[in-house]
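In what follows, subunit A forms one complex with subunit B and a second complex with subunit C.
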Partner chain A sequence: MALYGYAGKILRLDLTAQRATEIDTAKYRSWGGGHGLGSALFWEFCKDKTIKDGRNPANVIVVASSPLNGTLVPSAGRSEVVGVGLGMYPYSWYTRSGFGGRFGTMLRQAGFDAIVIEGRASSPVWVDVRNRKVVFHDASALWGTDTQTAQERIWAQMGVPRGTDTGWWDLNASAAEALDPATDQGRTTQKPAILTIGQAGENQTGGGGLVHDAGNIAAVAGFGGVWGSKNLKAISVIGTGEIPVADAKALLRARQVTKEKYVSDLQQPDFAAWTKIGKQPKLMAMVPPPTDEFRPQACQGCISGCRARYSVGYGSETKCQVTSWYFAPSRRVAKSSQELIEINLRAADAAQRYGINTYFAITGLHWLEHLVEEGVLGPGKAIPSNLPWDKYGTLEFAEKLIHALSCREDIGADLADGWVQAAHKWGRAEDLRTGHMAFSYWGQPDHGYDPRAEVEWGYGSILGDRDICEHCFNIIFTNITSSFAFAQPMRIQAKDLVGIIAEKLSPYAKNRPEVLDYGDENMYSENVAQLVRWHRHYTRFYKQSALYCDLRWPDFYNTNTPDNRGATASDDAGEHVWWNAVTGDTLSFDDGIEIGRRIWNLDNAIWTLQGRHRDIVHFAPYIYETHFEKGELFPFYMWPCRDEQGQWVYRDIMGRTMDRRKFEEFKTSFYRLEGWDTASGWPTRATLEGLGLREVADTLEAAGRLGKERA
Partner chain B sequence: MALTTAMDVETAHRILASVPHVRRFPVGHLRPPTGLIPSFVRSVGELEFVLAPRSDSLPGVHMERLAAWIEHDVGDPAGAAEVRAAAAAAPSYVDACVAVYERIRDRVASARHALESAPQVQAPERRA
Partner chain C sequence: MAQDPARSEGASRRAFLAASAATGCAVFAGPGVLLADGRFVIPNSAGFLVVDTKKCQGCGTCMMACSLAHTGRASYTLSRIQVLQDSFARWPDDLALAQCRQCQNAPCVEVCPTGANHADAKFGHVRRIDQSLCIGCKSCVAACPFTPDRVQWDHGGRKAQKCDLCAETPYLDAPGGPDGVQACVRVCPVGAIAFVREMPDQTREDSYQANLRDWVWKRLGMTMEK
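Now for the complex of A and B:
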């Protein structure tokens, strides 16, 4: 029987024995793909789930695709990575990261839905996967190279045609098989998709990421450092297989509906439309393009093209915050806007080449600058550093800093194991109290959306495993704030907006607009707990397992449609519609949420085994002890709230702080609604068995960490 | 570019120099649909880059606080008055950003001009 939407096999790589084996995907089918598939595989193959450092050889890393990768589903081209991370605080949780590009699609065309990485090689290796044939190669000569050099050398070693003079090449060239002259079987014009680490990964730093092509990085969680600890330099995948789709007509129908109904009219585009899926394609660099000569670039199958390849030869394929990690320092030295752009894009390139997560740098640099200013960091200071601090803001400094952080040199020697760990080592824990070091949760930096303001972001991060980086609801803020900024009438009034969104928050918060009240009185309520639950479950399935792109989904409201209802949860082009067309499933939107709840519960069981208890689920002290001051940036920080008369308004919420006691009450509400033990936060047997996870409950019970049922 | 009234060297120094980190001024960039990037500046010169009009994002600057910062932390009451006046006359926040950007740009140009006209004076530190 065809397994629609799937390649049908999962590749297991035993690095210790340098052996590759296959298992059937069918056994894990109920987990969907991506994160769900990864969690199920981690649960089965990681034999010690108490580990708190991803470098432990017992750690298992899974790189997983989605059934939607490489189909016509718009904006669903990403890949997911799971496993125990590195560099978090106080523990590195079982966690996740993701990246775009073409790796997931190519992996499936090579015959696999996911790769399970186990053990540790005795010396550096890279792995060549072609049409279900797997070869381990010595990577000693690649060790020490940056991510771009490593990919180029692997392509060269494979004999892949390069440059603009590309053509057909034979995947079997290094094998014994002859080509079938009647078909193109085994021949392709595509380059292998390679996922690799740079020096940041090789040196096992918490900032080490996994890089694919020039600028797709799975940055958060330190998985590059984990690969480094396993002596795994790269995995290359290429294939000529195809993915069977269950209902091609339904897929095309959804695509047509999306184009005609939800997407801005290309003849008369509405650039200010309030929508995600329906937005005009545009670049997502935080700095302007360095030139008008560029080609937009998208993940395979995506309608956006949010990255670009520039004729100037730098800044290509990188996007979002990576392009602005050095923005504040570089403003000090740049003499023109063009120079500012060039410094930032070249600094982004440096980070991508070393394969390092730059999110630490944005917030972390503010902290380092504070330490320099205080006179405790620098040459001959209490925290010695011989970096050229007198050149702070120049490209030279940026490159030396990236090198130091990636190679455990200078201050990088301490920061490599975690920035918060370094703060404690340096006697600077007080900076987490004052907010000079704005690392909000689990040793990770504030994202720009503060737990005291965008509560579902902050709560979701602290109740989970990392900064969630899920822009599902902050589009409310950006649209409202933009309208206020231009002094233009609101496209949608607050009452209508929350009403439309709440229609789609099925099942827990369906038609309950009060869950979207971001006001002071509501921020610890059961209403918000339901919102957080919905968000955790939605993203665990639709965003991290089906792998819908964060930039385009969910589409709650959409001013391109007459009734302002977006595509999310709709019966004509909702998330589940695409899923069903590809896989042949008959899921309702709510069924997808329920799969997400199951994945979320399995994840919490793993955290529980790692040592999670509600007592350690708290933010950095500054969240409770200082006021939310992002409102200093804008004269307003607007969110929907109910006023004293219960009427919906857009209200400025700047200046507030978080009440530690009330947050504890919120946690109790959340745990109760999830069916977890309110005293410990651990899952209960009834909840797990209700999700078909009896074996998980048994494992927790054997470990003495099964939650108690409470009245 | 129109220069504002002639500026004394001392004021020019203050405008172009960086204030101590503890007296930095918070700014941001709003990049719909996803991004709010918080940051800060330590000199008026940096504000030119923050406020420069762009088609794809909004600068994040609290104008009232900016005027107070320029007056008290930078030490340029005349510049602060220009910022206040420009912001107050603008019909929207975006218009205020454009108007204040022009004032800042001119103020910085005046400061540079003042220092160039007094070559014996040592250029201010770009970074404290």
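Now for the complex of A and C:
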């Protein structure tokens, strides 16, 4: 039977023996792709799931594509990375990160759905994959190079021509020792897609990421540092293969429907539309473009590119927070708008080249500033640092800071293993109580969406493995607060907004708009627990396994349509519609949620083995002991709430704290709804077996960590 | 850059035609005419694709749509329009679009020894390769003067293929060809590909580049300049 949507093989890399083997994808079909596939592979091939530091040689990393990559499903071109991370606190959980670009698409055309990375090479290597043929190369000459240099040198080593005035690259004429000479390997005009680490990964830092092309980085979780610990510099994939799909006609038709119905008309666009999938290709950067000479640049299959490539030669392919990690300091020194833009985009480039996660800067820079201002950090201070703090705000300082963090120099020596760990080492644990160090959960910084306000974000992060970075509901905050801030009309009123969204929150909260009320009285309720469940399960399958992009999905509401209903869960262009057209499945939207629940439960089983217990599932102390009074983006935080008369309004929910006791009750409610032992947060046998995970239950029981059934 | 070796069968066909033409007559060679002065002339295509390389967002959706519409499979190698990119290059040199030009005096048609590659009268004389007649000699692949050559090699089926303006697209739910829909034009999220009736200047390589950017593009912050 055809395995529609899949390349059909998974590549296993044994770095210790420098050996590549293949396994069939079919066995893992029920897990979908991406994260689900990755968790199933991790469960099978990681022999010690108690490890709490990603540098342990027993760690297994999976880089996985989705059946939807490269099949013109709109904005489903990303790749997923899973494994035990690095730099988190108190444990580095089994976790995830994602990146865009063209790697997943090309991996599949090279013949593989995923890559399982095991063991540790004795010296640096890079791996060359061409049409299912794999060669390990010595990477000692690449070690120490930044991510762009590494990719360019690998292309050069492979004989790949630079630029775009190039012809077809005949794979028959390349790497003869790797490819079967009896089979015509075909031709391609594409350059190999490479995933690589920079210095931040080589030095095994918690901020080390995996970089692909100029600006795609799997940044959170420290997987770059994990690759560094395995002496893995890069993986290159190129292929001339093809992916069979179940119903190409349905795919093409749905793409046309999406363009005509859900996307703003190219000729007469609504520039202020409230939608995710229906946006025009507007650059998603936090600073203006340095020039108007640029193109929107998109991941493969995306319906609306969010990055850019410029004529000026810097800032290309980078977007969002990376473009503004240094914004606050740079404002102090920049003397013009143009200078401000250039400092920030070049600072972004520095981070991409070193391959380092810039999320530390969201709140970490404030903390470092606080330490400098207090007189405890600097040359000759209690926390010694010879960084040029007198030049804070300049590009020079930004580049030196990135270098220090990536190369374990200066304060980077302590911060590399985790910022909260460094705070403890420096005797600054109190900053986590005062909020000077706003690192809310698992040693990771507040994303800019404080858990005391955006509760689904905070709860999802602390009940899971990391800062979720999933903007499914956060678009509500963005639309409403921006409109309020800039005196623009509210395109959809509160009652209608929550009603439209609730229609799509099947099965747990279908037509229950009360789950979206983040008012003080409701923020710990079972309503919100159901919302968090829906969010965890939706994202585990649709966003992280099917790999629908967080920027474009879910499309709950959409002012481009006559009734303001978005594409999510719709019968003509919903997430399950695409999945079925590609794979031949007959999933309902709810079936996808259920697959997500299964994946989420497997993940919790892994966390349980690692040492998870509800007693350590807590926010940093400042969340309970201070009030949320200063937003990263706006001085208010608008959200739909019911007022005293039960009417829906948009209300500012800044200024409150989180009640520790009530949060404990919320956890109990959540665990009960998930079918987990409320005393521990561990999954129970009944829940696991109901999901077809008996073997997982057996493993937990053998480890003495199986949740007790509810009496 | 490795290129597939040219085959010479097309040359022998042309030699026959040339010899015939030397008698002072125009020779009808199937759908083409070899004039006495040596020019090989076929009816012009009824349509052409022009592209705005400065506008393209590099998403590859056109490539996916092309291969899906023609074959039901997603493959960049089988796409009849190619998007070439270099992530580390500067705009506008970071990306190139390579579409078939439906050349007036199409060398790929001229060299075909079996007439598989022909100007198809049923579809507005679009230059199309009849798969049932293609013998996989790759003469057309070698004959295309452009880089990358605009004829694709289907290494699995051992045949050549090329853009037919979606004349034969069993997976497209609308008629294709010059009088119908082109999958790449329809699917492009930014409108970087256009179908035109007027034949671009055949003497200039850049004549298939068009400026398709308008006030919307400018409003989105990008240049409208050619």
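Quick note on the criterion: the second predicted complex is superposed on the first by the 686 of 711 C-alpha atoms of A that agree within 3 Å, B and C clash if a C-alpha of one lies under 4 Å from a C-alpha of the other, contacts with A are read in each partner's own complex, and residues count from 1 in each chain.
We take it that a contact is a pair of C-beta atoms (placed from the backbone, for glycine too) under 8 Å apart; a residue touches a chain by one contact, two chains touch by 3 or more.
Quick caveat: nothing in here was measured; it's all calculated off a predicted structure.
Superposition of the two complexes onto subunit A shows subunit B and subunit C fitting side by side, with no clash. Here the vertex is the CA centre of subunit A, and the angle it makes with the centres of subunit B and subunit C is 100 degrees, a multiple of 10.
By the touch criterion defined above, A:482 lies against subunit B but remains apart from subunit C after alignment on the C-alpha atoms of chain A. Of the two partner chains, subunit B is the only one touched by A:333; subunit C is not.
Counting residues of subunit A touched by each partner, subunit B versus subunit C, the larger count belongs to C. Touch criterion met: A:300 reaches subunit C, while subunit B stays clear of it.
By the touch criterion defined above, A:320 lies against subunit B but remains apart from subunit C after alignment on the C-alpha atoms of chain A. Legend: residue contacts after superposition of the two complexes on their common chain; A:282 is shown touching both subunit B and subunit C.
Of the two partner chains, neither subunit B nor subunit C is touched by A:47. Superposition on the common chain A brings subunit B within a closest Cα-Cα distance of 9 Å of subunit C. Counting contacts as defined above, subunit A residues 282-283, 288 meet subunit B in one complex and subunit C in the other.
Touching subunit B in their complex are the following residues of subunit A: 276, 279, 282-284, 286, 288, 320-321, 324, 327-328, 331-334, 337, 340, 362, 366, 369-370, 372-373, 390, 392-393, 446, 448-449, 471, 474-475, 477-479, 481-482, 484-488, 550-551, 629-635.
Looking at the complex, you find that subunit B touches subunit A at residues 18, 20-22, 26-43, 46, 49-50, 52, 54, 56-58, 60-65, 91-95, 126-128.
Of all the residues in subunit C, the ones that touch subunit A in their complex are 1-4, 54-61, 64-65, 67-69, 71-78, 82-96, 98, 147-149, 152-153, 155-156, 158, 171-173, 183, 186-187, 189-191, 216, 218-223. By the touch criterion stated above, subunit A contacts subunit C in their complex at residues 70-72, 77, 102, 105, 109, 148, 151-152, 161-170, 172-174, 184-191, 213-215, 240-245, 248-249, 251-253, 255-256, 259, 263, 266-267, 269, 271, 280-283, 288-289, 292-305, 309-313, 316-317.
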